[in-house]
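Structures follow.
First chain A sits with chain B, and in the next complex the same chain sits with chain C.
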Partner chain A sequence: MSHFTKTFSRIFLILMAVVLLPAPLLAMEPAEIIKKSQAAFYEAGQDFQARVKMTLTTREGQQRLREFTMLRKNDMAGEQKYFIYFHSPGDVAGTTFMVYKYPNRDSDRWLFIPAINLVNRIAARDSRSSFVGSDFTYEDVSGRPLEADTHKLIKEEAVNGRLAYVVESVPKSAAEYTRKLAWIDQVTFLPLKEEYYDIQGVLYKVFTAGEVKEIQSLSTIMKRTMENVKSGHKTDVVFERVQYNVGIGDDLFSERYLRRPPEKWIK
Partner chain B sequence: MNSSVRKVPWLTRFSVERPRLVMTLILAVTLLFLTQIPRAKTDTDPKNMLPETSPVRVYNDVVEREFSLHKDVIVLGIVNDDGIFNQETLGRISRITDEIFKIPGVVVRDVTSLTAVDNVLAEGGQLAVRPAVSEIPRTPGAMEELRRSLLTNPLLVNRLLSGDGTTTAIYVPLEPAANARLIADRIKTILPKEAGRERYYLAGDPVARDTFGIQMFYQMALFSPIAGMVMFVVLWWMFRNLTLVFAVMGVAMVSIVWSMGLMIGVGLPVHIMSSMIPVFLMAIATDSIHIFNEFYFRFREAPDKKQAILDTIHAVGRPVRYTALATAAGFAVLALMHIIPVKIFGLFVAFGTVVIRLMSFSLIPAVLMSIKDERIRAVSLKEDEIAHWTSRWLSGLARTGLSHSRLLAGGGLALLAIAVLGISRTHVNNNLVDWFKPHSEIRVADQIMNEKLGGTSLAYLAGVSSVPDFWKRPEALRYLEGLQKDLEGLAVVGKTFSVADYVKRINRVLHQDTPAYDRIPDSQAEIAQYLFLFGMAAKPSDLDNVVDYPFEKVNLSVQLKTWDARAMRDVIARVRTYTAGHSLPGVEFKPAGIAYFNLVWNDEVLSDMLRGFLLAMVLVFTVLAFNFRSLRWALVACTPLLFTIAMIYGVIGYIGKDFDMPISVLSTLSLGMAVDFAIHFVGRFQQRYQEEGDLEKAILWTAARPGKGIMRNAALFAVAFSVMAFAPLTPYITVGLFIVSMMLLSAAVTLVGLPALIVLFQRGLKLSSIKEKMP
Partner chain C sequence: MKYRAVLSLILLLVTPAPAEEIALHGFVQGNYAGRVTGEVPPGPGGGDFLLGDERFQLKLAASSKDAGFFLKTDFIQDAIARATDQEVREARLDYGSGAVDLRLGRQVITWGVGDLLFINDIFPKDYAAFFSGRPLEYLKIGSDAAKMDLFSDFVSAELVVIPFFQPDRLPSSQRFFEFDPFPGLPHTTEEPGAKFRNTELALRLYRDIHGFDTAVYAYRGFWKTPAMRPDNPLLPTQVTLFFPRLAVYGASTQGNALGGVTGLEAGYYDSLDDRSGSDPAIPNSMIKYLAGYQRQIWNEFTAGVQYYGEYLLDYGAYQDTLPSGFPAQDRLRQVLTVRFTQLLRYQTLRLSLFAFYSPTDQDYYFIPEVRYSFTDALWGAMGANLFGGEKETTPFGQMDKNDNVYVTVRYEF
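Let's look at the complex of A and B:
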C-alpha cells in the first residue's frame, strides 16, 4: 500500500464517521443539553409570576387542592429567590414561603405562619424532600446542580411528535434517585418526560409535561404531572396568568413583605 | 358357609375371594391421589382463617388504604446494653438502613429508622424537619446532645427508641406482592457484617408467619412420619406380624393419601388446620385394631382362616360401622361452621374416616387372607381372654367396677363437681406469638421488643366524623389527646400515637422548645397552619398515616405489649367507657389493625367451636341412640366421654392454661373419637349378653376381649400422639397432650365406669328386653 492510499483511506474513514454520525450527537455534549434545559425550565426570563393550582390525588382518589401565587427572580451568579403566597386551603390562606436558592450550598427557607404571626426559618430535610406535600421535591421545583450528576446522551426519540434528546443522569453521591432519564425537546429544551429510578433500580416517579405555551416568546409548560407509580399518588400542576419580566424588586424578598405581601404581586 | 356369612357385607366377601385384585385396585387409586400431593401449596397467613369478605378484613383494608398504611412490616430490633449513642452503633444503624433500602420488595419511601424518620426539632432558632440521626456526631459533647434531644422527644421514645437509650428498631414495610421470607433472609445476611456489641432481633407478623409455615412443614414431614413409626413399633409388639402391622399402617396411609390428595387436587391450600389431617387420620385408623383383636381370638377358636375373617367382620362390623359414623359425623359437623380452614379440615377428616371404614371391610380382609396360616396361629395361641395377663387384668378392672359401683358413681360425681368449678375459671384468650416455644427466636425477639419499646402488636382506632376539617378543631384534638392518655393508663398499652402528637410537637418547637407549649393550640387556624407546615417539610406518609385528606378521619394507633387477644378486648372496653363518659358528637371510634383482627378471629373460632361442639354432641348422641335403638343406652355410652372432657377442661381451668384456639378446636374433634370405646364396649356387651344371659359374665367377657382391643387402641393412640409433645409449635404439643390424656382417660372410664353404670342402672336399661329387641 502506498503512502498516498494510506493517507487517503484515513481521511476517508474520518469523513465517513463525521457524515454517518447523527449531527446533534456531535454538536452537543449531554451536560450542555441539561444546562440549556435547566435554563429554559427553571431560569426563563429575568423574573416570573404565575398563579399555580396544585392538585394532590391519592391512589384512592382523595384530593387536596393548593392554590398559590409564585414569584421568582433570577439574581447574580445563578442565585434565585422564590416567593410563594398561599390562597387555599382556606385555613392556611396568607401563609407565605420564601426561598433563597444558591448554586452550591443549601437554600435558606422562611415561612410566615399568620395564625401566630411568626416568621420561622425552616431547615428542611434536604432538597430531596417533598415540596408542600406534593410528589415534586424542592429539587424538582427549582433545579439541581448540573455537576451533581454524570450525564449521558442515550438516544434521540420523538415524544408526541416532538424530537427529543434522551439524557441519562446518574448522581455522583446519594440522591433521591439513582438514575433519571429525561426526554428533552430539541427545539425548546423543555423536558417532555422524565423517569426516576430508585435505589432498587425500579421506576418510581414519572414527570409528564402537558400543554406548552409561548409566553412573551418564552416556551412555558402550563400543565405538568408528577406521578409516583409505586404509591399511586399523583400531583397535577396548572400554571395560570404566567408573566415574565414583570420587574419584581429585590425588596419583596424580605421578612417585612413575608408578613404583609404587596397586593399587586399576589393577586 | 353358616348364616353369619350372609350378613357380612358384599364388599368383604368379595375381598376375601379376590384379595389380590382388591389390593391392586386400592393401590392404583392411591397412586392416582398420590400424583396430586406434589402440587401442594401452603397458606400460613392466620388472616385467612376468615374470608377476605369478612367485615373485619374489609374494614382493615379500608383503614390501611385511607391512611396509606402497609399490611406487612418486618421489625428489626437493635439492642446495645451500653446504649446505642456511640459512633459504632449509630454507624451500624445507618449502614443497615441503607442496605435495607436496596432489598427489592421493600417500600423504600416508608422505611423507618433513626436515620430515616422525620424528626421535628428546634435548632438554632429555626424549625428543622430531618432524620432523627442525620449525621453521626464526632465529639462526645455532640453525642450527648443528640442523646438528650432524642430521648426527650415523645415522637420517638417507645416507638423508635427505648427510654433507656439501649434499643432502637428499624421498621421495614413490604410491597403487597413481596416475599417476606426472602426479604427477612436478605436482612439476616446484612447482620453478620455488622457484628459487634449489638444484638439483633427480627420480628413482625410476616416473619412469624413464615417461621410458622416452615415449622408446619416440619410437623407434617417429620412428626407425622415419626408418629407413624412409633405406631408401627407398638403394633408389631402387640401383634408380632409384619403383614398385619402393614395392614393397619396401610389403612392409615391410604386414607391420608386419598383425603390429602383430594384436598390438594381440588386446589385447596394446606393450612395450619389441614396440616393436622394426617395425624388425625392415623389416629382414627387405629380403630381397625378391633378387627385384628377379634380375628386373633376367632382364629384361635376356629382355625379356618376365611371363616374366621367373615366371623370377625360379622361380630365387629356393627361397632366398626357406628364408630366410623360417629367419628365422621363429629368431624363433618365442622363443615357447618363459619371458619373456612375449619370447614375444610372437618370435611376431609370425615372423608378420610369414610375411607378408613371402606378399608376395614375390604383391604383388611384381603390382607388377612394373604397372611400364611401358620404365622398367625403361633401368635394367636396367646390370645386367650382367661389365660393372658392383660385380659385377666382387664376383667379385674371391670370386676372392681361391678362390685364398687356406688362408690365409683359417688366418686365420679364428686370429681365432676370439682371439674365444673375448674371449668368456671377458664380464661378465654389466644396469643399467636405463644404458638412458638418460649425460647424460639420469634418469642425472644417479641419479648425483648415489648420490654424495651411500646409493643409489637398494633391496633388502630379510626376516629370517624363526616365533617371536613373536623380534626383541625382544637376540641377534637384535645379529645383525642384525652383518649390517648386514658388508654395509656392500661398496663398492656405501651404507646399511642396520633395527629395530636404532631400538633403538640410543632407548637412546642415553634415556640423555642418551651415545654409549656407542648399542648393543643386554641385556634383551628393555628392547628391547620402547623399541620400545613409539617406537610411542607416532612415526608407525605407521616401525615397520611394519621389523618385522611379531608381531615374527616384520624387514625389513633395503639401499640400493645402483648399479643393476647384479651388485651384488645380491654382496649375496646376502655374506649367504650371513655366515649360514654366524654362525648364528642358525630364521631365514632372504630377498631382495626392486626391486634383487633386477632381478637375477632379468636372470638369467631371460639364461638364456632362451641356451636360445633354442641352440634357434634347432638349428632354423636343420635348415632348412639340409633345404634343401640335406645336413648338410655346412648346416655350410658356418652357418660365416659362427657366425664373425660369435663375432667380435662377442669384441669385446664385449674392450671390456668388459656382456653385458646387449639384447645377449642380439640373439644369438637375429641367427641367423635373418644366415643368409639363406648360404642365397642356397649355393642359387644349387648351381643354377648344376648348369647350368655348372665350380666356379670357378659361384662367380664366384654372387658377381657373387646376390652383388650380398647386398651390396645388407647395405648396406640397415646404412644403415637405423645410424639407430638416434641413438636416445634405449641398448638401441636397441646393437641398431642390433650389427645393422649383424653384417650387414656376415656378408655379407663369406659373399662371401669361402664360396668358400674350398667350394674347401677340395669333396670332402667331394660336388659331383659334386649334379647327380644335384637334377634
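Let's look at the complex of A and C:
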C-alpha cells in the first residue's frame, strides 16, 4: 500500500466515524436544545389563540375546572404579551389577566376585576407561584430564562416511540426545583416528559405531553398533565380551537380591552 | 313584580336574539353579621345583628360586535328589616367604535391606586355594607352616569357625566353606634336636586410612562359624605345634613419598582362652598396623598403597605370657627395600612388581614378573614370587623362598639 492510499484510507475512516457517530449529540449543545424547545413550546407562531380547559384533581378525586381563552403575541427582542379571559368558574367569570413578559426583568401583570370595575397591578416577583391554583407555575406556563439553569445532555431515549434528548437542567440560584430532567422530541423539540426534583433529590412533579397535533404546520401539544407525585394532586390541560398567526393587534394588550375584552377574541 | 322580572329575563334567554352572545350568571348568597361587643344601639332598629339577609343576584350580559348591555340585579330578603327588596346594581348600555367607547346607565367606576383608600375615586361608596362584612364589591355603588372613553396612542381619556347625585351610604344610627355631635336632634337630609347645574363631571387622562400606569384626574361635584349644620349654633333644635360643593384635582402612578408594585397618588380637594375654611359645618380644603407598596414575600404570600395623609389647608380658620366643645380634627391626619394574603391548598383557602391604623387619631380598624372554596360553585367566608381608638370621635374610634363577626356563603353560577 502506498503512502498515499494509507493517508487516504485514514482520512476516509475519520470521515466515516464523523458521519456515523450519533449526529445530533455532536451537532447540538444542550443549551441549544432547550432554546429550540422553548421556541417550539412557548413561542410558536407570531401569535396564538386557544380555549384552555384545566381540570384540577385532588388525591381524593375532587375536581375543579378552570376555563379560559388565552391569547399570546410575540414582540421584539424576546418580549411576549399574554391576555387571558376567564369563562369559569363563576366567581372569576369575566375576569381578565394581562402579562407583559420581558426576557431580563420582572413581568408586568394586570388583573381586571369586573365586580368593582377595577384594573390593578399585581406583584409578580415569584414566578414559582401556582397559576390559578393548578399544578403549573407561572414559569411552567410562560417559560423560564434559558440562562437561569445549567443544561447537560444526559442521553437519548425514546418516549412512546419518539426519539428524545434527555436534558438535565440545574438552576444557578434557588428555584422551585433543584434538578429537572426533560425528554425533548428530536423532531418537534416539544417536551414529551419532564421530571422535577426537590432539594432532597426526590421526584415531586411530572409533566407529560399527551396528544400532539400539527396546527398550521406547527406541532402543538393539545393535551398535557402536570402531576404532583408527592401530594397526588394533578392538573390536566386541554387546548381547543388552537390557531396561530391570527393577527392579534398590539392594541388588544391594553387597559381598554382588559376592561372590555373584545368578543371576537375571547370566544 | 320581581318574579315577573325574573321570568322575563328567562324568556329573553330562550328567545332567539339578534345578539351574538348572551350570558347569564349570578349567585345565591347568605350574609350574616353579629355585633360581639354585647352592646345594642337604642331604638327599634337596634339589635345584635348587623346583617341577616339572603340575596339572589342575576347578571345578564349580551353583546354583539360593537354594542352590548349588562344588567345586574339583586333580590334581597332582609331578616332584620323583615322586608324583601330589590336593587338594580348595574344597568348599562355599551357602544364602542374606533377610538371611542360609550357607556350609558348605572355603572360602577373605580379610579386610583389606593387599596381601600380613595383619593381620586370620588364615586359613591357604601361604608355601611363594608363595615358590616359584605363582600368587597358592595363597597362600590353604581353611578347613574354617561361615560365616554377616547383612546389614542398619546393619551387616553375617560369622561364621566353624572346627572343624578348618589351620596355615600353611611352606617345608620339604627344599626350602628357612631359619633353624633348633635345627639337626639332630628336630622333632615338635603341632597343636591336633579338639576342640570348639579351635574357632576369627572375626567381621567391616562397613559403609560416608562412602564408606570400614570393618570391625572379632575372632578367637579359634591362631597359624598354629608356635612352637618344645626339651625342655631347655640341652641340647636334641628340638624340639616347637606352635601357641599367640591372640586378635586389629582394624579396617580403605579408600576413595578423595588421588586414589587409601587403606587403614588395625590389629590387637591377644593371645598368650593367654603374656600376660606371659616365655615365649621363644611370640610376644609385639603391635600390627600398616599404611597403604597406590595410584593410577594414567599410563595402564595403577598404583603402590602400604604401610608396615607390628609392635610387641612385652612386649619387656622377651622380652629377659630370650630364651636367650643366640638372635637377638633388634627391638621394632618395620617393612616397606615397593611394587607397580608396567604393562599393555601391550591388557592382554595385564603387567609387575609387588612389593618388600618392612624397614629394621629390613635384609632384602628382590623379585618381578618378566612375564605374557602368548597367547590367551584360554592364558597364561604368568615371574618371580623374590629374597631377601636383612644377617642369616640375619630373615624374608627367612634365605631368601637360595633365590632362584629360576619359569615358569607355564596353559590355562584
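FYI, the second predicted complex is superposed on the first by the 244 of 267 C-alpha atoms of A that agree within 3 Å, B and C clash if a C-alpha of one lies under 4 Å from a C-alpha of the other, contacts with A are read in each partner's own complex, and residues count from 1 in each chain.
The rule we apply is simple: a residue touches a chain if its C-beta (ideal position, glycine included) is under 8 Å from a C-beta of that chain, and two chains touch if they have at least 3 such contacts.
Note that this is a predicted model, so its numbers are computed, not measured.
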Simultaneous placement of chain C and chain B on chain A, clash or fit: clash
Touching partner for A:255 - first (chain B), second (chain C), both, neither: second
Which superposed partner A:95 touches (first chain B, second chain C, both, neither): first
Chain B versus chain C as contact partner of A:200, first or second or both or neither: first
Contacts of A:230 with chain B and chain C, given as first, second, both or neither: first
Touching partner for A:263 - first (chain B), second (chain C), both, neither: second
Which of chain B and chain C A:214 touches, first, second, both or neither: neither
Partner chain(s) touched by A:65 [first = chain B, second = chain C, both, neither]: second
Touched partner set for A:111, first chain B, second chain C, both or neither: first
On chain A, the residue positions that both chain B and chain C contact, one per complex: 56, 58, 62, 64, 89, 91, 115-116, 118, 121-126, 129-130, 132-133, 233
List of chain A residues in touch with chain B within their complex: 56, 58-60, 62-64, 86, 89, 91-92, 95, 97, 111, 113-116, 118, 120-126, 129-133, 198-200, 202, 204, 230-231, 233
Residue numbers on chain A that touch chain C, as the complex places them: 56, 58, 62, 64-65, 88-91, 93-94, 105-106, 108, 115-118, 121-126, 128-130, 132-134, 233, 254-256, 260, 263-264, 267
Interface residues, chain B side, partner chain A - complex: 65-66, 68, 101-104, 106-109, 118, 123, 125-131, 134, 175, 469, 472, 510, 521, 523-526, 528-530, 532-533, 535-540, 543-544, 548-550
Chain C residues touching chain A - in the complex, by the definition given at the top: 20-21, 25, 27, 63-65, 94, 96, 101, 107-110, 136-137, 139-140, 149, 151, 156, 206, 211, 213, 254-256, 259-261, 263, 294-296, 298-300, 302, 343, 346-348, 373, 375-377, 379, 410, 412-413
